[in-house]
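To keep things simple, chains are lettered A, B, C and D as they appear, and every chain counts its residues starting from 1.
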């Protein structure tokens, strides 16, 4: 009812941040950890960048457009790696990253 | 479709974090800034605590229960102040804080 | 003795982040709050950006150079405003921002 | 000269946060990744908790004492695991965690 409505971009960023944190954490529990190195690193970066991006957009910071541009790149980079893994958490993460990259590019434009 | 489903508590924390950041930012633009001092301080603390709490719950960190306890207190404290102000952003923030405190208390139990 | 040595840039970013957080907090306690609006907003943005920048540099993230560029801009923007105020916390903040901007520009180059 | 002086506890927290982030990142590059699972997880949690703790102490947040208590626990937990590994980054991390835990306990008392 009396709830703050978040923009599509803010929602995509906050979901992506937590989906990436979730993926890194799930990767660290995978049996074949070796093949998850790169995925974990990219997810951790993306989680942090998306988290700050969501906050800066919500606050309408003067740096939000540049932050969105950077966020879109971090999302692309993470989606590229996660997309290669068949685990559910990786597929969900790749999907969240793609959506977030798209929203951030619209916002940055 | 292939989306990570967040728990009620994670959702409440991420919404509350951004609603608090939004409220602090909107308070800083209010004409009568003097009466917003306390509100801004509490919102900033609450935004940071909720943000970390959402992440730790999503990762199922061993510290998530203690973080939820602390988060519930920060939310109560913020809701107490925001609830006194009639501005939409403050009322939305008080509401988000109350919901988040409730979810965090369930999780911490 | 067995301590991790941080680079000049990482040190400048972590100091700047906390100096900005300190300044925003001190501004919120100033008698003449009205003239501190802009300062608070810029300090909060800069605190968050510097915090993430320090982490990404330390991890040698592939996005560290872009993050340093953004950080330098946020520091310039914050220093510009803080430099106008005579309070100790503002002067310290302007100084920390200038140093951080300089280190980030070297790193980004 | 005109620099903000950080308390021992704030300095310990900010150093520990970045030392943990550094350790997690270095662990992810180790040949024997398998034995680093637990270390990475604990370092990531500790990095996030110390980062927030440093900020809350600097701001003299009403939640700083509880945050320091939680931070001391996260540091103990991380030091326990890192202390078992002979790599430089793990030994540095264990040391930073022990110092931070000690400072946080003094502050929380």
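In this section, a residue touches a chain if its C-beta (ideal position, glycine included) is under 8 Å from a C-beta of that chain, and two chains touch if they have at least 3 such contacts.
Quick caveat: nothing in here was measured; it's all calculated off a predicted structure.
Looking at A-C alongside A-B, one finds more C-beta pairs in contact between the chains of A-B.
Chain B has its Cα centroid 21 Å from the Cα centroid of chain A. Distance between chain A and chain C, defined via averaged C-alpha coordinates, is recorded as 25 Å. Touching two or more other chains at once are residues 24-25, 44, 55, 59 of chain B. Contacts between chains leave no pair untouched here, as each chain touches all the others.
Against chain D, in their complex, chain A makes its touches with residues 24-25, 28-29, 33-34, 37, 40-41, 44. Put simply, chain D touches chain C in their complex at residues 2-4, 6, 10, 14-15, 17-19, 21-22, 24-25, 47, 51, 54-55, 58-60, 88-89, 91-93, 95-96.
Considering their complex, residues 44-45, 48-49, 52, 55-56, 59, 61-63, 66-67, 70, 73-74, 77 of chain D touch chain B.
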